[in-house]
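So that you can tell them apart, the chains are marked A, B, C, D and E in the order they are listed, and the count of residues begins at 1 in each.
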Amino acid sequence: MTFKFFHKGAALVLLCLMLFVMISGCGSNASDPKKVGEKAYPSDQKEQVLRLGAARDFKSAAQGRNMVFEYLVSVDHEGNPVPMLAELWEIPGDSKTYVFKIREGVTFHNGTEFDASLAKFALEYNANNSVWGKYLDKIETVDGNTVKVYLKDYYPLFLQDLAKNLVVSPDAVDPKGDPSGKLAEYIGTGPFKLVSYHKDRDAELVRNDNYWGKKSEINRVIWKTIPDPHAQIVALKAGDVDMIGITEHHSSVPYVEVPAMEDAGINVDKTSYGRYQVLEFNTLREPFNDRKVRMAFNYAIDKEKMVRELFHGLTEPAYTITAPWFKYGPSKVNSKYFHYDLNKAKSLLTEAGWSMNSSGKLEKEGKPLEVELLIPAGEANADAVAIFVQSELKKIGVELKLLTLESGAAWDRSKQGEYEMFVHHSFCLPWVPGGIDIGGKYHSGSTSWPAAYHSPELDRLIEEAWLTPDESKRKELINKVWDILHYEAPCIPLYDIVKVSAYRESITGFKPAPTMFDMDFSEIKIN
Amino acid sequence: MESVLKIKDLSVNFNSKDGIVKAANNLNLTIYSGEILGLIGETGSGKTVLGQAIIKILPQTARVTGEIWYGNRNILALGEEEMNKIRGKEIALIFQNPSSSLNPSLKIGEQIAETVQKHQGLNKKEAWEKAEAILSQVGMPPRFAHYYPHQYSGGMRQRAMVAICLACQPLFYIADEPTRGLDVTVQNQIAGLLNSIIKNGKGQRSMLLITHDISVAAALTDSMAIMYAGEIVEYGPTREVFKNPLHPYSKGLLNSHPAKGLKPIKGFSPSLINLPEGCKFFSRCSRAEKDCQKEVPMFGRKGGKHIVRCFYA
Amino acid sequence: MGKIIIQRLVISILVMLAASFLSYFFLYMAPGDPAVSIIKSQTGREPTQAEIEIFRENRNLNIPLLDNITIWFGMLSKGDLGISVRTGEPVLHEFKDRFGATFLLAVISLVLAVLIAFPLGVLAATRPGSVVDHVTRVIGLGILSIPEFWLGLMLMVLFSLTLKWLPSFGYGTIYHFILPTVTLSTGMSALLMRLMRASMLEVLNLDYIKMARSKGLNRPLIIWKHAFRNALIPVITIIGTQFGHLLAGTIIIETVFSWPGIGKYLVDSIYARDYPVIQGFVFIIAAMFVVINLLVDLSYAYLDPRIRFEQGRN
Amino acid sequence: MSKKIFPKNRLLIFGLFLLTLLIMVSLLASYVAPFDPNYVEVENRLNRPGGKNILGTDGYGRDIFSRIVFGARFSLSLAVLVVLINLCIGVFIGTASGFFGGAVDELTMRLVDILLAFPNIIFALLVIGILGPSIPNLVFALVALGWTNYARITRGLVLSLKEQDFIISIKAIGGGDFYIITRHVIPSIIPFLVVLATLNMGHMIMSIAALSFLGLGVQIPTPEWGSMLSEGKQFIFTHPHVIISPGLAIIIAVFAFNLLGDGLRDVLDPRTKEIIKT
Amino acid sequence: MLEAVNLSKSFYYGLFQRNKNDAVKNVSFKIKKGETLCLLGESGCGKTTAGMMIAGLIKPTSGMVLYRKENIFKYRPKELKKFRTRLQIIFQDPDTVLNPRWIIEKSLSEPLRIHGLANGKESRDRIMELIETVGLSHEHLNRYPFELSGGQLQRIILARALLLKPDFIVADEPTSSLDVSVQAQILTIFKELQKKFQLSCLFITHDLHVARCIADRIAVMYKGTMLEEGNAEDIFSNPVHPYTRGLLDSLIIPDPEAVHPLDSNIPITSDRNYTGCKYKELCDYREQICEEKEPVLKK
C-alpha cells in the first residue's frame, strides 16, 4: 500500500494550513490596528492623555478597578470612614443598624441613575464576598435614597469593610442583576470609563463627563502593563509613559533608582501609607521566648544605616510596630524606642545567659546562638533586608541563617508556627493595621500567627476594644495594647515601605490618594 | 583500434593521519574503443581510486599526478566546469554500491532526468520521457521511474544505476565492481546488461571494468590489467592472461579461485602506507631473487600485447 | 505511516492527560493555598481566615481532589478548561489572550534562526577546514555558551540604554520584536548551524553525492538538490524537539523583556497555585507538542520517502 | 595515536586549559578570593570595578570577584553532581532497557518520550515553584528529566552494540548477560558518555544559572552566578558591572566545557559525531 | 551429532505485530560427526537465521535443534554454557567480531576466562599453539583489530573458535567479504583444521564455487524453505529442483573460453507471502498445483 495522501506537496500545504490556523486563531489581538498609547493620541492642549506604566494587568489591580468603581464609604489617610457614594450615615441605637443616605445625581457609566435600590444591590453583591456578609441580617430600602442595613451582631469594621466594596451596576454582573453573579463588565460610577482592554497589555479609559465629584482635567488614561520595574523606568525616561508606581499597592519603583531619576528631571513622590516591614519572632521557641533576646535583636540593627545605604534615605526607619498616625495606631506608646545600641544589645544577651565564646560567637550551655530567618519568596526588599540584618547580627555574635521558601509554603510554616524569624510587613488601610484586631496577629485567635506574641491580658484588651462601640474607650484600650506590645518587643520593625510614584516634569497637581489602593487624578494636569 | 583513454604515469596519494597512502603508483593504461578492459585487483589495491581519478571525483585530500588523456584533452588539466561537461555526458561511472549511490529522496526517474536535462538541454517533461525510455532499455517497466530507490530490489537498483549512466549515451563507461554483493543470478543479469551496452555500441563504446571477480572478468572483458598494491603487474588480452598468466601474483590469483583449484598465495598484501621497496610482491613470491627487493621491475613485453612487470616471468 | 500517526496520537493524548493531571495533583498536594496567594497578590497582605473561607467558597476551592478530576473531565469533553481561580475568567480565554504573543515570538525567532543557520551551516560544510568553517565553529560554540537571559539583558543595556535605538520592553510595534527575537534566535541559530553543518558534512561524504558529481551536475545543484534535502531530515527532528526548549526559552525571555505571553502568566499561576490554569496550560502545551511532533513527522515523510513508504512496502 | 591528534586540536587544548583554570580557582577559592564572599559592607556598595575590588562590589557592598570565585566552586560542583546522577540513572535504565528489551523497554521508552517532550525549564519551574527553592529541590528538578537523554542515547548505543557480531560472538562463546554488559557494553559506550556528559555540563551550568536567575535556585546569600545576576538585575541600568562579570563567568565555564566536549567528540571516536548531535 | 527438526522462525512487525514474515519455515537436516553440510542460498533466504538457531542464539518459533539427541533449547543455564564450548560460530564479517578496543590476545583468551578453563601461562601457551596453526605469529597478539587485515582477523577468529576444542562449527559465510586469494587461504586452513580436529560443520554460503569445494552435503534454501538436499556430488552433477538447476546454470566460470550464461532480462518478483511453491514465479515448470500447495521435501 502506498500512501497516496502525501502526494508531492500535500504535506507542505497541510503544514502551512495548520500554521495559518494557529496564527489567526491565537494572534487576533496582536493584529489590533489601534496602537494604544502611541502617537495616535498627542498630548496637546485639547486632549489630556495620561499614560500610566503599571506592573500589573488593569483588571487584576485594585487601582485599576477603583478608577471605574467607587464605594459607598471610603476611608481617609488615617483610617476614618469618609462619605463617598453614601453622603452620610447614621448608626442609631444598638450599633447594629446602619442607615445610609445615598448621594443624589450619581449615574452609572451606562446612564442608569444610582439610587437606594441599586445601592441595595451593590451591598448584596458585596455581602457574598465580604466578612461583614456573615453578620448581615437584612438590607432594606427606606426611600429612593436611603438604605438601611441590619446586622445580626455588632461588627466594628463594617464601615471600613465597605471601603473595599465596589459599587457595581446590576448590568455589570453576569448573570445580570444577580447579586451572586460575577463581575463581567466595568460599569461603575467612577471618574473614568473603561473603553478598551487587552489582557496583560493595556487598557484605555476616558473621563466620565457625568461624574458627580470633581472632574479630572485628564480626558483619557492609558494603562500600559509593564511588569518589570526597570522597564517602567526606561519607559518613563523615554516618554512612553507619564507616570509609574502610582498603580501599585506597594513600592514597585526600586528605591535604588530614585536618585538617578531625580537627576534626570523626573518628579518623584514618596508617600507613607504606614506599611512597615518587620521581622516577626517566634515567641514560643528558644531563644525568642525571652523578651531580653527580642529586645537585644531590636537594639542590634542599625536601621538608620540600612535606610541610608540600602534605600538611599528615601524612607524612614521604623521604631513602632505600625505607623503611629493611624487612627488606631501606636501614637501614645510609653515604652522607649529601640534605637541602635550595640552595647545594650550585648548586655541584654549576657543577661539572658548568652556568652561570647572564643570564636566570637554567642553560646549558652555549649549551644551557639543560631537563628533562621524565613523569607517568603517574592516579598519586596526581603532579600536586601535579610542580608543586611545577617551582617548586623554577626557583629553581636549571632549567626543568622537565611531560608527562602515559596510564599505559599512560607505562609504554611507561619500557620504552623514553624519558624524562628519571619520577614513580613504590617497591614495597611483599609484593613486594621498592626495585627491588633480580633483574630489578628497579636490576638491568640490568630490562625495565621500562632507563634506571635500572645497573652491573656492582650487578648482581653483587644476583644474589649473591638467589641465596644464606644470610640474613645476603644482608643484607650488600644493604647494599652500598644504599650504591652512595645514593651514585649514581639518583632523588629524595620522601615516604612513608602510608596514611590514617579512622573514626568510636564505633570502638575499630583496628589497622593488616601489609601494605596486608590489614585487621585482630580488635580492632575499635563502641561 | 583507436584509443579512447590513455593513462600516463598516474599516481594518487592520500594524506591520512597514519601517513601517506599510496593508492596508485605510476599507472599506465590505454583503453581502446569498443573494448571492455578489466582492471582486476583485490581490496585495497587501488583500483577504485583509479576509476574515480579518471572522472575527477576523488576527495580533496587526494594528490593526483600524471596525465589522463581523453581524446586530445588531458582530464587532469581540465577545470571543474569543463569537467562537468564530460562527466555523465561522455564518461559515466557506474558505482559499486547502488543502495548508497542512489539519492534516497529523489525518484529514480528524476535522477535519470536531471542528467539529461543538464547535458541535452531538454525540458523537464522531455527529460522524464527520456528517463522512462532508458529504464525500459535496461529491462525495467517505465512506471518504475516514479519509484524511489528503496522501493527497488538490489538488482533493480544496480540496473537503475546503469540506466542513469546510460542516460546521455556516453561513449566511455567506468564500472566499479558492478556485481559486488549481488546474488549469482542477478550478477549474470547485470553482467549481461553491461556486455550488451558495449556490444551494441557499434564499436564506439568502451568500458573500464573494475572488479575483483575473475569469473566476471573472464566472461566480459576483452583485455585485462591486474593490479597489486597500487601497481599494474600484468596486462594483456583476457584469453592470453587466463591461458598463460605470467606474473607470479596473477598465477596465484587465478589459482586461488575455488573453481581453479583453491591454491592460496602465502602471506598477506602489504599496506598501501608502508609499501616495500622494489617489487611489491617480493615477500610472497616463490620465484623472487635478491634484485627483486631492490628494484621495481619494468614492464616486459611477452608477445603481442601481453606485458608483465616481473624480472623472471 | 497513517498507522504510526494514529498510534502516536493515542499515546500523545494519554500523555497530555497524564501531564495535566500530574501537574494538578502536585499543585494540589503542595503546601500553600491559592486563596492566600491570590488575595495576597491582589491586596498585598495576608488575608484573614474569614476572608480565605469566603474566597474558597466562591471559587469552588473546597471540592475534593477526585470530584475535581471528574468535573474537569466533564468540562474537557465540552472543550472547556475551567475557570482561573485568580482572575475568575475561563482558562481558555486566558490562554488565547496571551498565546499570540508567545507564538509570534517563538515562530519569528525560529524563522530567523533558520534563515541565519541554514546558509551558514551549508557554507561551513561545503568548505570544511576553511576559515569560514573554523570561525563559524568557534563563534557558534561561543554563542552556545551564552545564557539567553544574560544576552537579553546585555542587548537591552546596549541597544536601549546606551544607544537608545530600540525599546527595551513591551509589545506592539515591530521594534518591540527585535530584541526578544534576536535574543532567542541567537542561541538557536548557533545550534542549528552546527547541526546543519554536521548533517551536511555527513551527507556530502555519501556515495550518492559522488554519484551526482559523476553525472556532471553543477555544484549548487548538488548541494541544494541532493545534499541539503537529505541533510535537512535529522535537523528537522531537532527543530521539533527544540520547540520545547524554545517555549522554555520564551518563558525566561518573556520575564526579561516584559513580554505579555503565556510564560510569565504560567510562572505567576504556579506561584498563585491557580490549579485550573496550570492544568489547562499544561494540557494545551502538551497538545501543541503533539501537533508539532506530528508536523515534524509529516515533514519527515515529505522529505524522506523511505519513511513515507515504510509501511507500504511490506 | 593520541600524540598526533592532540596538538592539532587547539580548541580542545584551550578548553582543557580553561577548565583546569576553573577547577583550580574553585578548589583554591579561599586563597584566590581576596575577600569573604558574604562580607556585607553597605557603605561600600556598588563600587565600580577597579581599586581594591577588582570587579567592583554588588548592591550590598560584597566583593564581586570573590563571589564569582566562590560561585565557581558552587556552580561546578552542583553541575557535576547533577550530571553524575543523571549519568548513573540514565546509563542504568538505558542499558537495561536496550539490552533486555521487551515490555520494560517499551514502558521506559514511552516514559522517556513523555519526559523528553516536557521542556525541562517548565518542569523545573513547576517542581521548584511547588516545592520551593532549595538545592535538593533544584537537583531533583534537574534530575527528574535530565536522565532521559542519557537513557535514550545509552539505549540506542546498546541496541546497536547488541546486534554487533562481537557481542553475539561472546554470547556464542558462553558469556553471560552480566559479563557482556560489564566487560563489553559499558566500556564500549564510555567514550560517548564522556562526550555527552562534558557537553551536558555546560548545559547544566546554564540551566542552574537560569533557574537561579528566576529566583528558583539557591538560597541567599550563597554566591552563585545565576543568583548574582538575579540580584544584580535591579542595577542593570545604573550599575551594569554588577551583572556583566557573573555573566562572563558563566560563559567562560560553559565555553570551556563545550570546547572540551566538542574536541573530545572529534578525537575519541568518529562515530560519536553521528550519535551525539548537540 | 546435530539435527534440526522442523525449524521455523517468524518475525512479527507492524502495529500490534500483525504482520508476519516467515524467515525460516520447516527446515530439517542432520549432520554427522566430521561432516560438512553446506546451506546454500541467495541473500535473504533465511540461511543466516537458520544458522543462528542451530547455534542456539535465536529461539525458533517452532521446531527444535538436537545436539547429541538433546534439545538445546531445553538446556538449563549450566548445560547451555557447556554446550557453548562444544559449538562455535564464525561470522561473515571478521572486522566486527572482535571487540575493537581490546588487543587480540585479550579477545583470544576470553573464552578460556569465561569458562575458567585456563589462565596465565597455560592460557598463553594454548593461544600461541593455535595462532601458529592458523598461520599467524605472536607479534599479532598485541595488535588491535583495526591494525589487521580481514584475512588475518578471520584466522584469529578461527583460532578463537577452536580454543575451546569444540566439535561443531557453524560458519556463516566466513569468506564472502574476503578477496579470492584470501578466501583460498582461509578455506584451506579451515579444511585442514576440520580434518585435524574432527569437526562437524554447518557451512552457510551463497557461493556455489565455495560450496563445491567444502561441502560433503548441500542443502539448498529459497525464501525460507529448503528445496533440495543431498550429497554435494549429486547436487552438482544431477540437480533435481528447477531452482538448483537454474542456480548451477547461471554459474560463471573463470574461463574466458567458456560460454557464459549472461542474461540481461530481469524477472520482477514480489516480496509478499503467498501460498504455494515459493519458487513458482520464476519456475519454468510451473503448473496449477504449484499455485495451490507448497511442496514438501521428498527423497
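By our rule, a contact is a pair of C-beta atoms (placed from the backbone, for glycine too) under 8 Å apart; a residue touches a chain by one contact, two chains touch by 3 or more.
Because the structure is a prediction, the values reported are computed rather than measured.
**Q** Starting at chain A, what is the smallest number of hops through touching chains needed to reach chain B?
**A** 2
**Q** What chains touch chain C and also chain E?
**A** Correct list: B, D.
**Q** Which chain wins if you rank chains by how close their C-alpha centre is to the centre of all protein C-alpha atoms?
**A** Ranked by how close its C-alpha centre lies to the overall one, first comes C.
**Q** When the centre of a chain is set as the mean of its C-alpha atoms, what distance in Å lies between chain C and chain D?
**A** So the centre of chain C lies 22 Å away from the centre of chain D.
**Q** I'd like the Å distance between the centres of chain D and chain E, where a centre is the mean of that chain's Cα atoms.
**A** 49
**Q** Can you give the whole-Å distance between the Cα centres of chain B and chain E?
**A** 31
**Q** Taking each chain's centre as the mean position of its Cα atoms, how many Å separate chain A from chain C?
**A** Result: the chain centres lie 36 Å from each other.
**Q** So which bits of chain D are touching at least two other chains?
**A** Answer for chain D, listing residues that touch two or more other chains: 129-132, 233, 236-237.
**Q** For chain C, give me the residues that contact two or more of the other chains.
**A** 30-31, 161, 255, 271, 309, 311, 313
**Q** Which chain A residues reach two or more other chains?
**A** 234, 377-378, 406, 409
**Q** Report the residues of chain A in contact with chain D in the complex, numbered from low to high.
**A** Spelled out, the residues of chain A in touch with chain D are 229-230, 233-234, 254, 256-257, 260, 305-306, 309-310, 375, 377-378, 383-384, 386-388, 390-391, 402-406, 409.
**Q** Show me the residue ranges of chain B that touch chain C in the complex, using the header's touch definition.
**A** 52, 55, 57, 80, 83-89, 92-93, 95, 97, 100-107, 114-115, 118-119, 148, 150-151, 161, 164
**Q** Would you mind writing out the residues of chain B in touch with chain E in their complex?
**A** 42-43, 139-141, 154-156, 159, 183-185, 187-189, 191-193, 195-196, 212-221, 238-239, 242, 252-260, 262-266, 268-269
**Q** For chain E, which residues count as touching chain D in their complex?
**A** Against chain D, the touching part of chain E is residues 55-57, 80-81, 84-85, 87-89, 91-93, 96-101, 110-111, 114-115, 157, 160, 164.
**Q** Which residues, counting only chain C, touch chain B once they are in their complex?
**A** 206-208, 210-219, 221, 225-226, 229-230, 303-306, 309, 313
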